[in-house]
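Report on one structure; see the data block that follows.
A, B, C, D and E label the chains in the order they appear, each numbered from 1.
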Amino acid sequence: MAVPEVSREEQLNLESLTWGDLTWVNIEGPTERETEYLAQNYPFHHLDLDDCLSRIQRPKIDEYGAPKNYLFLVLHFPVFSKEAWVTTPSQVSVFIGENYLITLHKGELKPLVKLFRECQIDEESRQEYLGQGSGYLLYRIVDRLVDYCLPILNKIGDNIESVEDSVFSSGIHNAVRGISILRRDIISLRRIIWPMRAVIGSLEPKVRHFTKMDMSVYFGDMVDHMDKIWDGLDEYKEIIEGLNDTHDSLATNRTNEVVRMLTIIASILLPLTVVASIYGMNIPLPFQNSNYSLIFVLFIWLAIVGGMLYFFRRHHWI
Amino acid sequence: MAVPEVSREEQLNLESLTWGDLTWVNIEGPTERETEYLAQNYPFHHLDLDDCLSRIQRPKIDEYGAPKNYLFLVLHFPVFSKEAWVTTPSQVSVFIGENYLITLHKGELKPLVKLFRECQIDEESRQEYLGQGSGYLLYRIVDRLVDYCLPILNKIGDNIESVEDSVFSSGIHNAVRGISILRRDIISLRRIIWPMRAVIGSLEPKVRHFTKMDMSVYFGDMVDHMDKIWDGLDEYKEIIEGLNDTHDSLATNRTNEVVRMLTIIASILLPLTVVASIYGMNIPLPFQNSNYSLIFVLFIWLAIVGGMLYFFRRHHWI
Amino acid sequence: MAVPEVSREEQLNLESLTWGDLTWVNIEGPTERETEYLAQNYPFHHLDLDDCLSRIQRPKIDEYGAPKNYLFLVLHFPVFSKEAWVTTPSQVSVFIGENYLITLHKGELKPLVKLFRECQIDEESRQEYLGQGSGYLLYRIVDRLVDYCLPILNKIGDNIESVEDSVFSSGIHNAVRGISILRRDIISLRRIIWPMRAVIGSLEPKVRHFTKMDMSVYFGDMVDHMDKIWDGLDEYKEIIEGLNDTHDSLATNRTNEVVRMLTIIASILLPLTVVASIYGMNIPLPFQNSNYSLIFVLFIWLAIVGGMLYFFRRHHWI
Amino acid sequence: MAVPEVSREEQLNLESLTWGDLTWVNIEGPTERETEYLAQNYPFHHLDLDDCLSRIQRPKIDEYGAPKNYLFLVLHFPVFSKEAWVTTPSQVSVFIGENYLITLHKGELKPLVKLFRECQIDEESRQEYLGQGSGYLLYRIVDRLVDYCLPILNKIGDNIESVEDSVFSSGIHNAVRGISILRRDIISLRRIIWPMRAVIGSLEPKVRHFTKMDMSVYFGDMVDHMDKIWDGLDEYKEIIEGLNDTHDSLATNRTNEVVRMLTIIASILLPLTVVASIYGMNIPLPFQNSNYSLIFVLFIWLAIVGGMLYFFRRHHWI
Amino acid sequence: MAVPEVSREEQLNLESLTWGDLTWVNIEGPTERETEYLAQNYPFHHLDLDDCLSRIQRPKIDEYGAPKNYLFLVLHFPVFSKEAWVTTPSQVSVFIGENYLITLHKGELKPLVKLFRECQIDEESRQEYLGQGSGYLLYRIVDRLVDYCLPILNKIGDNIESVEDSVFSSGIHNAVRGISILRRDIISLRRIIWPMRAVIGSLEPKVRHFTKMDMSVYFGDMVDHMDKIWDGLDEYKEIIEGLNDTHDSLATNRTNEVVRMLTIIASILLPLTVVASIYGMNIPLPFQNSNYSLIFVLFIWLAIVGGMLYFFRRHHWI
């Protein structure tokens, strides 16, 4: 369990920090070479090391008692990938022991990358984060990543409001696409947050081992934040389903209005055509040669149009 | 834990009341200055003080045993904001100790503001509310705020009834908007009440510490009211979903009627046009010059119209 | 805890019956005067007496041990109000002690009113109902009221069947209204029965105190009936939701048929009009003056109509 | 608890079988006379005997310890009634004691009737079924009845497949009716099976008393079959709901196609009519008397038709 | 419990492998002859042997303590049958004892067949799989079969994406079919995976008996994979339901557009026809013989068309 030397670290795509007796090893983009290195230097189970590279993990905590005495965490946090326009889970694997904390991730989670940089550069923050045991460091890392979910949630909330506006305005086609994308986003986020809640909820008693102070309040606070995020997603899910229903109702109403307009126009104009056709026939017709015949025809037309309008008014169509 | 002096309180946007050994400190619109003041005078955890200012809280109870010996509550109550036409949660943070009760809120919850004013002005009510320990005072405050939710619930009930009327009347467009707004309102309220139920349900055993008498009946009553509100919201949710379905069914039926009308009109008038067009052709036609040709044509028309009407009657269209 | 005198009872809108050492006090339409009277004569908690008058109760059991030694029940049973065409809960508050049982209600629940009259008039039934302790009397009252729910359930079942018939017949508009009303009725009933199930399910061990014999079988039977009612409501809820879907599917199909009819008619008649219009033009036309021109035109028409019919037949439209 | 005499049995619509010390009494179509007879000969609770005749039962197990020492079961099994085209529950009430098993039913459940006949005629099967105690006999009866549900389930599966075919074929109206009937059938079956699962799941420990051998494997097998039936019903429910959605989507698409066809036809023919009408006017027109006027008109027509077709092609309508 | 001889095995459609004291018997396509053979050589319960042949099983674990001391597993894994285009469960029955493991299946599950072949041919893998006790062998077999589900899941994910594309493109009919088939597939898979999760989740403590090392980490990993598959199916279910809604919304919008187009065309052309018909009447008309009459008529037309276009523009129809 020796502190890894600087030279080898660079070869291995691996960086480390030390404060007192605590070392934080950060591995961005782990490959088999890094996990082999870990296998040689730490007492980790080979299944755990496989999980760090696997793509089909679920968030979980694996606890190993003495003599191994370490905790293996798989955590997932949402990352919005702009190319595919979807939210996907990004995995952070964490090994935590008495005097070390090892994080393996792809470097997609900015708060984690930033936190490590901060500790590299600034001695004060290194003391703040690493000075109180590996459990406290874990809390600070996870807390940052959890808080990182809130802007994602707020962005969804904003998108919902803009979709809601477009549902009630006339540009329909856009709204369907917007609802569909948002819905899928919310489904994905829920799938990421749901198992994370269970993991974070059960974290505190297992980490207690590695902390110098009572941290139940801190972890309780983190669980509250996680629950808040879940509540928000739940609410958004219901709202977006409601919006979908509202859109469909409005679309049905709009079709109704259009058809009503068509019926009104056809009902008024078709009788006129019929009357005109009658006088267009090449057969002997009454009043045909009278000078008042046009007035007579117009009178019939007005009677028909008036009757139709009265009929539609009574049926509340216009 | 000294009783705060009056002069400093005014500077700090903070008011206090004392009866016997119990002090009620009320902070409307807390800022960092107020929480700093609390941090100096009371043994509160700094995370709790942060929570008082944070906007992303969930209702919760944090219990601190001796020597700190206080309870920290975050409570949310619905407030209807008229500008945005939505129901939003308004937070009340409460610290309760042996001989003090501190409430922090934004002043949006009228019953709480009113209760404090009442105690300021009227000595009798001060005795009534503060004379039986901090636990009893908490009960009175929370009970008032819970009862304050009932008019909101009743208003939703009234709105549902008016929307129901508009669904069955002909003004369709309005109904969709009404249903959509009500649905969103109910979703928001449910999100506020749901976590509150859990908090209020677990309040009694934790407050027992701070009350001079057995208050289980009182708190039980409050839990019943909360459950009643939840039941009501649940019922309203189902009703509004049912109304949405009913609206859609009615809209489909209306479109059906309109299209049916169009079809009937077209089916009757188009054949007439065809017959008239035939006699409008500039070619030799039978009976063309007969004086009875018009009667002949009219007879054909009547036959077609009669046949169409019979056909539609048989298909139950008219 | 003296037996109330007859004279005062009449003033107080309160009647009582005694058999052995058991007194049944029945209060129809309780007001503050009656609850004050109870407060003076019995050791009841003032919150319970408030609950008897309150309109926002939930079914519940409050248990008070020695020295008060009584049970307070709030029970809700459905009553169908003919004016508003809705099912509403009617409250019965019951205080039960060693030698008394007090019922407070509005007189809307006929079985309870009838049962009391029966005991007033007929000594035998008084012995039957009151002769075995207050717990047994409670069982008889509640059992009657529970059984009273079954005809309501059956009526809903009948209504569902008649609505189902109207869904498959052609009178559409009626069906939507019927489905909507039934759905709301079922929602209301479920809201009444749901909390009642919990109360009645937990009644037996709490009443055991006040019964002379083992009544677990009797109460078990009552719980079964309650569960049966709940099962029925659950089934009806699913059926009515299914009926709503069926109605919508049928309405969509009907619109489809109507539009198809319109399309067929327009497709056949519009080409005819076009052909006729051609020969109606005031320009030199081929075959115009031939005697066979009409036959030529009719032949073109038949070809068009035949082609259209063949096309629609191939697309399974007719 | 004497074995009933043969003569009285026949009067009473009651048959019995005996093997060793075990008697199986089978009552088809029980009336009050039969239950009175049972009341006189067996130590049964009068509520249980009432339940045998009642129509509003739920499946349940009532256990009576010594000295009564019997078990009362109410079991429901689905029976498909051909007249009403619905699946209804058929009740079997069973009393089981140390040396007797009494079944009361309406004779609708063929496997039970057949099993009894088998034991009456064939001594070998009498030994097989009755030779190992009343608990084993109960297992054999219930197992037969449970297995009897599987063909019903399979029939529903077949019906779903034929409805699925008709959804994707063009005969729409039929499919709605089929979906509606199947849905209702599945709802009814679920209501029957759901409470039965609980009863059968809790049967084994209660029957243990009356069996000579360890039967946990047998009862476990029966519970598995029951769960399998429930799983099947659950799957069918989801499939039928999916089919309903599919039907609606297809119907919407079909309406869309029909309206598109109408629009295309109207868009092509109406301009033609307009052009023809122009040349039908009795006013001076250009080219009116030219011999090429028809060709000129036809050219305009072709231009309009071509433009329309190009427009629809670009919008992917044809 | 003798090791079966090779000669008899071949007659019996049964193959076996031995390494150390552990024998793996593999039966592809079991019939009554094979189960009879097992009944003679092993202490298996006859119900378990029946279950191996039965088609109506559910995944389960049956545990038999000493002296029988074996475990009977029924496992189901999804197999996609290309003929029927559906995913169906394929059963693997496993008997596991101290020194034997017997698998019975239909040979449809390729990974199992392949694994057995591997062990037959290659001594090294025989040592790897069979060298650590029957429990470890079971783990290796089940783990392979569980991992085999992942490609099926991924294929569904791919299909969902292609269906999603087709929903947003114009080929509507295809999308409905695709959604319907995918939905059914997901329902079937969920029905297979759901009971398997429970079985695999409870496997570890029961198998502990038959393993030489602590395998909780291995089985925990397998449970994680199973949960991951379930999560994926859950997500797919929600996505496909959302896609169905999206399709319906888009189809409604498309119908709306088509009807709008029809209404616009009819509204513009019908007035033209009417005006033309007027001047086609065989009665005295104003301006009839003027040379400017055509210009007059065209002017009226343009006014009507302009008015209509302005009206539709204002209603956001075009």
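Methods note: contacts are C-beta pairs under 8 Å (C-beta built on N, C-alpha and C of every residue); 3 or more make two chains touch, one makes a residue touch a chain.
As the structure is a prediction and not an experimental result, all values here were calculated from the model.
*Asks:* Which chains contact both subunit B and subunit C?
*Replies:* Touches both subunit B and subunit C: nothing.
*Asks:* Mind listing the chains that sit against subunit B and also against subunit D?
*Replies:* C
*Asks:* List the interface residue numbers of subunit C and of subunit D, divide the shared ones by all numbers used, and answer same when the ratio is over half, different when under half.
*Replies:* Mostly different residues form this interface, as fewer than half of the numbers used are common to both chains.
*Asks:* How far is the middle of subunit B from the middle of subunit E, if each middle is the mean of its Cα atoms, in Å?
*Replies:* One centre to the other, that is 40 Å.
*Asks:* What whole-Å value do you get for the distance between subunit D and subunit E if each is reduced to the mean of its CA atoms?
*Replies:* 25
*Asks:* Residues of subunit B touching 2+ other chains?
*Replies:* 248, 252, 255, 259, 262, 266, 270, 273, 277, 280-282, 285, in rising order.
*Asks:* What's the contact topology between the chains, one of line, ring, star, complete, other?
*Replies:* Per interface graph, the chains form a ring.
*Asks:* Write down the ring's chain sequence, where subunit C leads and subunit D follows directly.
*Replies:* From subunit C, continuing first to subunit D, the chains appear as C, D, E, A, B.
*Asks:* Would you tell me which residues of subunit E are touching subunit D in their complex?
*Replies:* Residues 45, 47, 51, 56-58, 60, 62, 170, 172-173, 176-177, 179-180, 183-184, 187-188, 191, 194-195, 244, 247-248, 251-252, 254-255, 258-259, 261-262, 265-266, 269-270, 272-273, 276-277, 279-282, 285, 287-291, 293-294, 297 of subunit E touch subunit D in their complex.
*Asks:* Please output the residues of subunit D touching subunit E within their complex, sorted ascending.
*Replies:* Touch list, subunit D to subunit E: 150, 168, 217-218, 220-221, 224-225, 227-228, 231, 234-235, 238-239, 242-243, 245-246, 248-250, 252-253, 255-256, 259-260, 262-263, 266-267, 270-271, 273-274, 277-278, 280-286, 316-317.
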